[in-house]
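You will see chain A twice below: alongside chain B first, and alongside chain C after that.
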Partner chain A sequence: MKASDLAPAYDLVVIGGGPAGLAAAALAARAGLSTVLFDENPGVGGQIYRAIASSPVADRAVLGEDYWVGSDLAVEANASPALIVTGATVWSLDPSRVVGVSIAGQARLIQAGRVIIATGSLERPFPVPGWTLPGVMSAGGAQTLLKAQGLVPGGRTVMAGGGPLLWLLAAQILRAGGKLDAILDTTPRGNWLRALAHLPDFVLSPYFSKGLKLLREVRAKVRVIRIDRLQAVGDDRLREVVFGTGEGERRMPADLLLLHQGVVPNVNLAIAAGVAHAWNERQLCFEPVLDQDFETSVRGIAVAGDGAGIAGGTAAAERGRIAAIAAVRALKPEALVPDVQTVRQRLQRESMGRAFLDWLNRPADSFRQPEGETIVCRCEEVTARQVRDTADLGCEGPNQMKAFLRCGMGPCQGRLCGLTVTELIAAQRGTTPAEVGYYRLRPPVKPITLAELASLPIAEAERKAVER
Partner chain B sequence: MFKRLADAGVAVAITVDGKHVGARSGDTVAAALIAAGIDHCRTTPVTGAPRAPYCLMGVCFECLVTIDGVGSRQGCLAPVRDGMTVETQSGKREAGR
Partner chain C sequence: MRTADVVIIGGGIHGCSTALHLALRGLKPILIEKDYAGRHASGVNAGGVRQLARDLAEIPLSISSMDLWERIEDLTGDDCGFESQGTVLVAENKAELASFRERVNDLRLRGFTHEELIDRAELKRLVPAVADHCPGGVVSRRDGAADPFRTTQAFRRRAIEKGAEVLEGVTVTGLARAGANWRVETSAGLIEAPKVVNAAGAWADRIAAMLGEPVPLTVVAPMLMVTSRVAPFIQPVVILRGRKLSFKQLANGTVVIGGGHLATSDRDRNETVLDWEKLAISARTVWELFPAMRAATIVRAWAGIEAYMPDGIPVVGPSSTSEGVYHQFGFSTHGFQLGPGTGAMMAELVATGSTNTPIDGLGIERFR
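Let's look at the complex of A and B:
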């Protein structure tokens, strides 16, 4: 598929091919909307169902049944009339729903009747000393290597952090025959107090028995140590992990340190499109402001899936369906769609138990708000001390901080430092992240070459027009 | 650091900094570097520190490499192809030294 093969306009453009995007595209296309789905990865599935159609992991027990259910979504989307384009990077979206997309170095601007952003989540930044060393990787990264390439950690491996994904990955590595030297649990004990109120709801949810089983499976084989400090140490690569427990400092030699501190919405494209966002204090992240159909503050643009606030893969698919039903109703009211109330009820059931998990796994302040020489912005190598000192000088927000320190201005465009910078400024100035706000993001939200921009077709009248 | 569960897929030959690296179909460039035990893929423009793939999902930009002559490509999003030429990158201050 070449960019030049795309139509100039589609009823619906879906951005992201995880559960939300796949479910949305399939439903909308079946109802008769001309639908295209773009995903920048080599295959669909998103992160949760990464490589669902191509995974070399033959033993289904390794990744577990909750992974393989994703193949139904991929099959359903592929069987629908939706056009699914992988290797397609969306680099801009404006409030009039013009989508800038590049495929194999060729760019096009596509007009969408409606847009569903389904760009999902990314792992929360986990800024500890030494986290930029080769040999330190996100747990999600290691899971991607397992799902897509069948790669398992081979040397001395330590996992650190908290949250359901950390335990799931530990179990998957063990089932695949890998070995883990230790799991360093950063979850603060005090979290139980706030989580307790939501326990009854959690006990009734499917997360309860699955979670207990997973914890038992991992704890039977791996040493779990509760820690309150963490450091990756090495010269040109990771050599050892240093951590603090209640009883003092300990050191452990390691080849690989896998970090995980939960996931947060991937907000870059939505913010660049002008979508209003708000701070979520329970999940400690920004998320788009949405109506019950997941429509944003920008007319015709919806955000579905974990990008709409973290709720998990099964909920993501239901959210995608609700957003797609709204798109069909807006553009083709006569078309037959599933009963939206039924989908809402299913979504409601999927949300059970989340409040408990969110409060229980809420990362400690010390692991979100680093100090001293710990790098905050990996791209521009800006330290926590620099950010804190600049906030003390009177810098009020992350956008002004860019002018002082260039934080957030490297190639990742703030994806790995945005929340940390916001929280550090808030902590230093005695205010809230909601008050401080987030980076102002602008297209292109992914880097593109001048040659790609130059490949955009331009009509004679446009070429001659006076630009403002 | 990582080992393959099984040699699934077919062999794909790429070069990294002129040396032959055996990859498998289904690998991305970043995964092929990791599987081959290549420690880092670039240095940073600010201090010249070594960096290796971190997120493997297109958000961190640590896995930037030159692919077939085009610099600063995200290795984790590019599938390997037979005959592909990959070069590790130096941060700007280090380039040419």
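Let's look at the complex of A and C:
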């Protein structure tokens, strides 16, 4: 598939081929919308079902049945009339739904009747001292290696953090024959108090029995230590992990430290498209403001999946279907679509237990709001002290902070520092992240080469330039 | 009710510079900014500090500004990231070079020597990376570039240190005579002052309209993009005439590409939407002119909202209807370099009623 093979316009452009995107594209295309799905990876699946069609991990038990559910979604989407384009990077989306996409070094602008953003989530930044050392990586990165290449960590491996995905990855590594020296659990004990009120819902939800089983499986094989401080130490690479428990400081030699403290919506494309976002205090992240069909503040643009607020893979697929039904209703009201109420009920069931998990796994302030020389922005090497000091000088928001310190201006475009910078400014100025806001983000939301940009057909634009 | 010697409307580099120069003269200005200082064009422009290729009417202000740029740290307490490595206007063919020669000769006759014609060899010496087909150009050797947001903030900060008051997040809702004073209605209450400076950029026509002197201002948002870091390969700022391009490698290795292609803008919502077809034209121009840039990666693109006048030059000088009011807006996508000198001139004009820097041809009465 080349960029020049794309049509100039589609009824529906779906961005991201995880559960939400796959379900949305399949439903909309079946109902008769001309539909294209772009995914930047070599295959569909998103992070949760990464490499679903190509994973070398043959033993289904290793990744678990919840992973293999993804293949049904992929098969369904592939069998539908939707055009599924992998290796396609969407770098721009504007409020009139013009989508900038690059495929194999060639760029095109595509007009979409409707857009469903299904770009999922990112791991929350975990800025502890030493987190930029070689030998420290995100648990999600390790999971990608396992799913796509069947690789498990070798050497002395320590995992640190909290949240359901941490335990899932631990179990997957162990089942695949990997070894973990310890799991350092950063979940604050006090979280139980807030979570308790939501326990009844959780007990009734599918998460309950799965979660308990997973915890038991991992705890039977790995030492779990509850910690309240964490530091990665080494000169040119990780040598040891230093952590604080109730009883004092401890050290553990390690070759690999896997960090994870939950996931947050990947907001870059939606913010760049002008979509209004709001702070979610329970999940400690920004998420798009959405109506019941997952439509955003920008007409014709919806966000489905974890990008709409973290709810997990099964919920993501249902959200994708709801957004797709809305797209079909808007563009082709006479088409047959599944009953949306039924889908909403399934989504409702899927969401039970989420509040409990969110409150229970809410990361401690000290793991989100670093101090001193801890790096906050990895691209531009900006420290927590610099951000805090600049906030003290009167810098009120992340956009001014960019101008002062260049934080968030590197190639990652704030994905690894955005929330940290917002929270640090809020903490330092005694206000809330909602007040402080997030980076103003601009396309390209993914870097493109000058050559790619130069490859855009511009006959039309040249004509306009002369007229002006 | 607050009082001041001067109310300045607009916290761009012009408003902040005028505030500082008024404070340096011992006057008490209050600056009102609807967002925050440097939020729009002053904070996000390409940072070019250029005397080259200016309209004749602006040259005196540009030259007096250049003198201030060269001692910007003394003036503001910050070096503002200013670096003087010249601006080069590249001729892409012989016909262009011939017209540049005419211009440089004309400037000589008028006594201006900052523009200097260069041949192919000197062009290659100044800009080794430029494509071989270019036969020469014009250089202005004192020109350079600075960090726009930092500069605007430096003027704001020093103005406050010298006694100016800066109110951010405050909008002007009305302007009326009150005896010898002007009464400025704002979202933070009334302010009275004998003098008012309208430095409201893309919103300045609304202030002028309150005074009964409407101006044909267009709201524009020139687009810029910046690449990831590449090995240092170019020192001066490079601009073109025939095609729209400005090109500057910053000290950190990133390259800022601009030139005046416009985004669509909505000044009521502080919003701009980039036009990628036009950015692609800039990308092609760079592709042709600097082959070394072809593999560079574009990491960000943006646009800042500002005012454009029909004749492409600013409105600077006294109001034609309202005594005590002065205009300083409409810099038509090239106002950043003019900020320091125009602020100094405006402070002189407001404080003394006249100025030694010629501003003929820039008055608002030309739109009557």
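Observations
Going forward, the second predicted complex is superposed on the first by the 460 of 468 C-alpha atoms of A that agree within 3 Å, B and C clash if a C-alpha of one lies under 4 Å from a C-alpha of the other, contacts with A are read in each partner's own complex, and residues count from 1 in each chain.
By definition in this document, a residue touches a chain if its C-beta (ideal position, glycine included) is under 8 Å from a C-beta of that chain, and two chains touch if they have at least 3 such contacts.
Just so you know, these numbers come straight off a predicted model, no measurement behind them.
By the touch criterion defined above, A:Pro253 lies against neither chain B nor chain C after alignment on the C-alpha atoms of chain A.
Of the two partner chains placed by the overlay, only chain C lies in contact with A:Ala454; chain B stays clear of it.
Which of chain B and chain C touches more residues of chain A: that partner is B. When the shared chain is aligned, chain C comes close enough to touch A:Leu109, but chain B does not. In the superposition on chain A, A:Thr132 makes contact with chain B only, not with chain C. In the superposed model, A:Gly410 makes contact with both chain B and chain C.
Legend: residue contacts after superposition of the two complexes on their common chain; A:Gly274 is shown touching chain C, with no touch to chain B.
Of the two partner chains, chain B is the only one that A:Gln149 touches; chain C does not reach it.
Once the two complexes are laid over each other on the shared chain, residue contacts for A:Glu396 go to chain C alone; chain B is not touched.
Shared contact residues on chain A (touching chain B in one structure, chain C in the other): 410-411, 447, 449. The touching residues of chain A, counted against chain C in their complex, run 92, 94-96, 98, 100, 107, 109, 274, 396, 400, 403-404, 409-411, 413, 442-444, 447-451, 453-456, 458, 460-462, 464-465, 468. Residues of chain C that touch chain A in their complex: 36, 38, 43, 149-150, 153, 227-228, 244, 261-262, 271, 273-281, 283-284, 286-287, 293-302. On the chain B side of its complex with chain A, the touching residues are 1-6, 8-9, 24, 26-28, 31, 34-35, 39-40, 44, 46-47, 49-62, 64, 70, 72, 76-77, 79.
By the touch rule above, chain A contacts chain B in their complex via residues 40-42, 47, 50-51, 54, 56-58, 87, 89, 122-123, 132, 134-138, 140-142, 144-145, 148-155, 176-177, 236-237, 255-256, 266, 378-381, 410-412, 415-416, 447, 449.
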